[in-house]
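Common to both upcoming complexes is chain A, partnered first by chain B, then by chain C.
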Partner chain A sequence: MSVTVTINGQSVSVPDGATLLDACRSEEIDTPTLCYLENLTPVNACRVCVVEVEGSRTLVPACSRPAEDGMVVQTETDRVKHSRKMVLEFLASSVDLSTADSALSGWMETYGADPSRYGTPAPPTEDRDHRHAGHHAAASGEVTETVAQPPKIDNGLYMRDYSKCILCYKCVEACGEDAQNTFAIAVAGRGFDARISTEFDVGLTESACVFCGNCIAVCPTGALMFRSEYELRQADVWNEDEQNVTRTICSYCGVGCNLELHTQDNRIVKVTSPMDHSVTDGHLCIKGRFGYEYVQNLEDDLATTPVDVVLRSVRGR
Partner chain B sequence: MNKPATDAERAAVDGLLDSLPAGWDGNPLEGRLAFSGLHRSQQLRHLLLPALDAVQSEIGWVSPGALDYICATLIVPPAEAYGVATFYALISTTPLAPIVVHVCDDICCRERGAVEIVAALRAVFGEARSADGPATWMTSPCLGQCDRAPAVYIQRAGQDDLVIAPANPASVLAAVDGQIEPMKVATASTTLLGRPGGKSLEAYQQGGGYVALAIAASQGADRTIAEIKASNLRGRGGAAFPAGIKWEAVAGIASDYKYVICNADESEPGTFKDRDLMESNPYALVEAMTIAGFATGATRGYIYIRGEYPLATTRLKAAIREAYAAGLLGSDVGGHGFAFDLELRRGQGAYICGEETALMNSIEGKRGEPRNKPPFPTVSGLFDKPTVINNVETLVNVIDIIEHGGETWAQTGTADSTGPKLFCLSGAVAKPGVYEVAFGATLGDLLDLAGGATGDIQAILLGGAAGSFITGDQLDIPLTFEGSRAAGVSLGSGVIMVFDTTTDMTDVARRLAQFFRDESCGQCVPCRVGTARIEENLARKLNGHGELDLQLIDDIDVAMKDASICGLGHTAATAIRSLIDLGLI
Partner chain C sequence: MYAVDPRLTSSAKFADVWLGIDVGSDIALANTIGREIIAAGLVNEAFVAHSTMDFEAYKAGVEEWTLERGEEVTGVPAEIIKQLAHDYATAETAQICWTLGITEHQNGTDNVIALISLALLTGHVGRYGSGLVPIRGQNNVQGGGDMGALPNKLPGFQDLEDDEARGKFDELWGVEVPAEPGLHISLMLEAMEREEITALYVIGENPAQSEADSEHVRKLLNNLEFIVVQDIFLTATAELADVVFPAAAGWAEGEGTSTSSERRVQRIRKAINPPGEARDDLDILSALAEKMGHGWGYPTAEQVWDELRALSPMHAGMSYERLESEGGLQWPCPSLDHPGTLFLHAWLWDEVLPPRGPAPFIPVKWVPPVDPLSDDFPIRLTTGRALDSYNTGVQSGGYRSPIRKGAVLEICEADGTNWDIHEGDTVKISSRRGAIEVPVIYADSLRPGLTFMTFHHPDEADVNKLTLDAWDPKSGTAEFKATAIRIEKV
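So, the complex of A and B:
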């Protein structure tokens, strides 16, 4: 069974159950997405993928709206471009996007997003985890509010910098029903003060976290990061251009998860799994994600490169 | 490790579970308690908000130990429960003094003494949200008492909550000390508000109550829905959707479970009609819900009432209890051969939960975040089952429609706006209150009913914070759905709030922006950030840091209208835009 929709005047047939995003992508229409990921349930929260559907009063999120026979869709209208631009401006004016997926800066340019017009960003605050719903501190009008805050570093495997969080819900979904079923994190608070949190903001080691790292894998902005990557970036040693990605199979158990070992200076600095891999859908467990220490002996006298020095400093912390 | 829950905290949670009636089911997984794990957790998750409420009400805040105990009892992951607890303004996850005074400083109360009350409380109890001392205070969005502004709502650990309106510094401080004067409840002699027998079920029945249910039961579900459709009754909550269409849609779907919900989460600033209806005659709402259940085939109903309405809550609880005792709820309603159970759920301080799908998520024990539509509730609503959701006023009209017949009832009002309508008059009028008129009355007629403006009219807010302002030279607008649409305004929930020339409308606009910044659920980017940016823009002007950036406000408004998930974002800048367009800010 297939359904036929019209996109920008072109007739497009997609399988029954496909979304408008699927239809757009089948036509190679560039459609920005931030909270959407192939291996997660769409939450349609970021609204950057909105399109115009004839007969709909408001714009429609392409990522979650099923294509229906006869739908007439526009993706290039001024309304669509305006909302996409505003979403990008809203995020860029309130969130640190410096380590976000490179596609994002391309969309900022495409849609002419200018976050500077919102005024001077407010400095980091330390109270974001303790704000009460319905009781924000009144805006002064001097600066524009941001989510800037100190990073959370409470274990040796990964860190969280919610200054970079666009609240796409992906990490919550990956930790919950879409992958890990651990439910260590959830969205807490409300409105601009909404944030990803463990219960009572306890550290990860006190939470239900099992350190599978699936939240890191789905994070689009680098808010969640391997500790190794974070420290290498802090030391200004991280260099993706010099990294190799080697695909292999996890050696721990018999499931056969594919791993992508990201190496720099012959050291593993990060591990991912391909999203299109039928066994993992991109998800791993703690052993596949972080259990690679045995292949690289950082105690060796020969482990002296700048990468080695940084990685050694992270170990056991 | 957290400090374990205290005996008192455990007792609060256990008391909730013990209070559930024998054979209670309350969700689609009835009878599967023998299953363990996931099934049981799905069974109990929807009790999360009542459990948080129980601890908050008894102890005064939800400690880590108490949350742990709730999570262990209901089988909910602690992070998710924390996410839910921190979503609601009336639940505190940090220690608070045992008495918390919520002082309404919204657009009506702020000019009518709220500032003085805050000053008095600050002088006695220090800064807001204190954990020390016998009491503390915080400001609040509209408490739905605008006809007797200023209002305070007081949470008291271990005792009943209460509302004082009109309040003054002395009466609030006395109430904190336990000296409480009973509130006067409005009495009216109109069709809806004046329905006889509001004091007891017996009196209600003697006054003609439950005749409508008998008529409905004898004429059958199809005919009942046909009468509602013939009446052209349109929703009184703000969206004006025809109620009969919703009923018919749900009745026509075969499903193992269906639900009817009464949206009594009346939180639109300036709105207090539903509170008056529920306080003056809770039995009528219970009967109307029962009729809705019968007509649609739903066997369970929920009334979701805002937490800041303690009097209406108490009266509705009593009305439901009496109806069960009289056999007018339960397995065989009134001997008519159908089953209907009705449960009251309290909101916990979240305007967004008045949005129908957010309300459903809230009942399910989730964060009150609106769902993307479609699917619509009539297809997939509460617990993903077909659901009718109607406003209080909408439902109460059902009784007259059934008693008199849809076509007869529709002769009141205009062709497109049938029946009587309640309006909430507040602000600078001589006699603020709820007024009932037949649809067709003009704005001027309503103002006359309320004794006219008390000063020179600067602006009138129609429809609430999500509505828009007009000026005093537009009093001939007919307050009908079609008339307001033609005038480019919205009736919304029936708010008519008058501002005289002494009011600083920039301050009003900033407070409205603060309201939406506070009440946005935060789920979608346009509303989460857009509401903050609008408030900043107004604060810039109000605090002398610059002028309004009209282009930016316009850009934000358009994006929020086009790309937000729900009506909160769609309308968050509408009233402010109207003030700009009128040249009032």
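So, the complex of A and C:
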């Protein structure tokens, strides 16, 4: 069974159940997405993928709208382009997107998004986790409101920098029903104070977190990051151009999860899993994601030394 | 989803119903379920008549297992056992998944047979969505068996005693492969005891810490004349060795394949160079063969694999090229145009059964754990794994896991209050074989009389000093799951 829609005047056939995003991508129509991922259920949070559908009063999110026979879709109208530009501008003016997926900067350029026109970004604040709905002061207008705040580093495996969080919900979905079923995190607060939080904002080690890192894998902005990547970036030795990615199989249990080992200078610096593989669709457990250190804790005094320290010393020589 | 486990594990919490079975009563539960399915008239009569045999013997064997008797032995309320039996028998599709809680008993094979009977009664086998699913605990334990690392099998599970199968190997290798089966590890330990085995070559295993009754095992290893250990670390076993070959970690430092629980053969690839003088297992074995006068050269992993494909029919269709492009293949895959096999035993549903004939019912008897509770040892200890750790911790001890608990005895709070033992107290645990000292933590997964330890931290406290080496004569697996202990505050 297939359905046929018209996109920008072209007739496009897609399998029954496919979304407008699938249809756009099958025609190689560049459609920005932030909160969408192939292995997660769409939550329609970011609104950057919107398209115009004839007969629909509002713009519709392409990532979740099923294609229906006879639909007439426009992706290049002023209304679509303006909406995408505004979404990108608002996000970029309030969030640090310096480590976001490289496609994002391309879309900023495509849609002419210029976050600087809103003024100087506000400095980091320490109280974002404790604000109550409706209790924050009205914007002064002198600076651009931001979510800037200190990073949260409370364990040896991964860190959270919510200055970089666009509230796409992907981590919440991966921690919940879409992958891990642990439900350690959710969105707390309302409006501009909304944020990703553990229960009662406890540290990860006291939370329900099982450290599978599936949230890191789906994060589009680098707000959630391996400690190894974070430390290497801090030391300015993280270099993706020098990294290799090798597909292999996890050495622990019998599930057969596929691992992509990201290596730099003969060291594993990060582990991901391919989303298009049937065994786990990109999801891993703590051992597969982080349990690789045993192949590189090479000397006695390095037995508990994290990879970033080792790599920095290698670089320093 | 029903979870059957002495402990309220995270899987049990996820399940619709948890059956908190008493340790070592698995056959009692399975036989009770079987009897109830028969008594309630829920047997798949057509399947049983066409595809199985010896049903009457099975029926007679489970006759004594009324719901009341089942409750008495397993501790699970009769009504819940009945509900499970009815839900399983009437489900459109149903699977029984198990792992070491079933097999690590001195009657582990009988435990499995009791479960197989349930699938035969209901026809929940050999169909898409239904089946018997032994979940492998290690990434390539299936592959080890596939490759013939079993005392009585050639690669591809061909019988060692089958002259025709063995002949293929004789011909290709130019040597005569002995027809007599070798020994599995439990028999090897006994042969060491009798001094019939005096030398040992251990590759990637840590028996000095992983075997039951480990003090005794270490004594046996110490008595050997010669031990070679090939491993990525200087393990506790390697420390006993005369010669150590430092090996590369295959999954990240070498090329090859591994086979997962679902019989899926997948490629492992080299991402980093091994440290120092460490060499790939294949390289070490080739060099050793050369020294021993067998110059078979230094084949690549793919060349070895292609030789396997020539000898093992179930792997014949799995070229490296296909393994790469198809994301792995599930055996049997006998030819290059074969898609691999999603599930086994579909032949049970053939209109005319193949020559192997119908699947036999085998009645099995429940026996209690061999380490009985007594006044001196009144508490049950069971062992298992924690999410972040693996086996004796050789691999999983090296990363900064925030959820690693270390060597601790888990008890339920009610027992702690009764025994005046509190979280953080150090206790001496004694069994009929040995004693260790560990701190205590409370766990909500346990109930009175049941305690738990992982075996991940033998350097802190070796729980296998407590476990007993009574082993299943059919599988060779020891009784890791049921130890009688006594606890004293120190």
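By definition in this document, the second predicted complex is superposed on the first by the 298 of 317 C-alpha atoms of A that agree within 3 Å, B and C clash if a C-alpha of one lies under 4 Å from a C-alpha of the other, contacts with A are read in each partner's own complex, and residues count from 1 in each chain.
Following the convention adopted for this analysis, a contact is a pair of C-beta atoms (placed from the backbone, for glycine too) under 8 Å apart; a residue touches a chain by one contact, two chains touch by 3 or more.
Bear in mind that the values here come from a model prediction, so they are computed numbers and not experimental data.
Engineer: After the overlay on chain A, what do you see for chain B versus chain C, clash or fit?
Structural biologist: fit
Engineer: Does the superposition put A:Ser13 against chain B (first), chain C (second), both, or neither?
Structural biologist: A:Ser13: touches no partner chain.
Engineer: Have a look and say if chain B or chain C is in touch with more residues of chain A.
Structural biologist: After superposition, B is the partner touching more of chain A.
Engineer: A:Glu145 contacts which: chain B (first), chain C (second), both, neither?
Structural biologist: first
Engineer: Per the contact definition in the header, classify A:Thr58: touching chain B only (first), chain C only (second), both, or neither.
Structural biologist: first
Engineer: Could you say whether A:His277 touches chain B, chain C, both of them, or neither, answering first, second, both or neither?
Structural biologist: second
Engineer: Output check: A:Ile249 vs chain B and chain C. Expected answer is one of first, second, both, neither. What do you get?
Structural biologist: second
Engineer: May I ask you to decide whether A:Ser2 touches chain B, chain C, both, or neither, giving the answer as first, second, both or neither?
Structural biologist: neither
Engineer: Between the C-alpha centres of chain B and chain C, what angle is found at the C-alpha centre of chain A, to the nearest 10 degrees?
Structural biologist: The angle comes out at 110 degrees.
Engineer: Give one of first, second, both or neither to describe whether A:Lys287 is in contact with chain B, with chain C, with both, or with none.
Structural biologist: A:Lys287 contacts chain C only, not chain B.
Engineer: Please work out whether A:Ser197 is in contact with chain B alone, chain C alone, both, or neither, and reply first, second, both or neither.
Structural biologist: After superposition on chain A, A:Ser197 lies in contact with chain B alone.
Engineer: Between chain B and chain C, what minimal C-alpha to C-alpha distance in angstrom results from the superposition?
Structural biologist: Here the least C-alpha separation of chain B and chain C stands at 5 Å.
Engineer: Residues of chain A that sit at the chain B interface in one complex and at the chain C interface in the other, please.
Structural biologist: Touching chain B in the first complex and chain C in the second, no residue of chain A appears in both lists.
Engineer: With touch defined as at the start, can you tell me which chain B residues reach chain A in the complex?
Structural biologist: Against chain A, the touching part of chain B is residues 64, 67, 77-83, 86-89, 92-94, 128-129, 138-139, 141, 349-350, 367, 372, 514, 517-526, 528-533, 535-543, 545-546, 549, 552, 555-556, 558-559, 561-565, 570.
Engineer: Within their complex, state which residues of chain C touch chain A.
Structural biologist: 14, 135-139, 141-142, 232-233, 249-253, 258-262, 264, 266-273, 275-276, 327-328, 387-390, 394-403
Engineer: In the complex of these two chains, what residues of chain A are touching chain B?
Structural biologist: Where chain A meets chain B, its residues are 43-48, 50, 58-59, 61, 64, 79, 82-83, 86-87, 90-91, 93-94, 117-119, 130, 132-136, 138-142, 144-145, 166-167, 176, 183-194, 197-200, 207-208.
Engineer: Help me check something: in the complex, which residues belonging to chain A touch chain C?
Structural biologist: For chain A paired with chain C, touching residues are 155-157, 181, 204-205, 210-211, 244, 246-256, 258, 261, 263, 266-268, 277-279, 285-287, 290-298, 303-304, 306.
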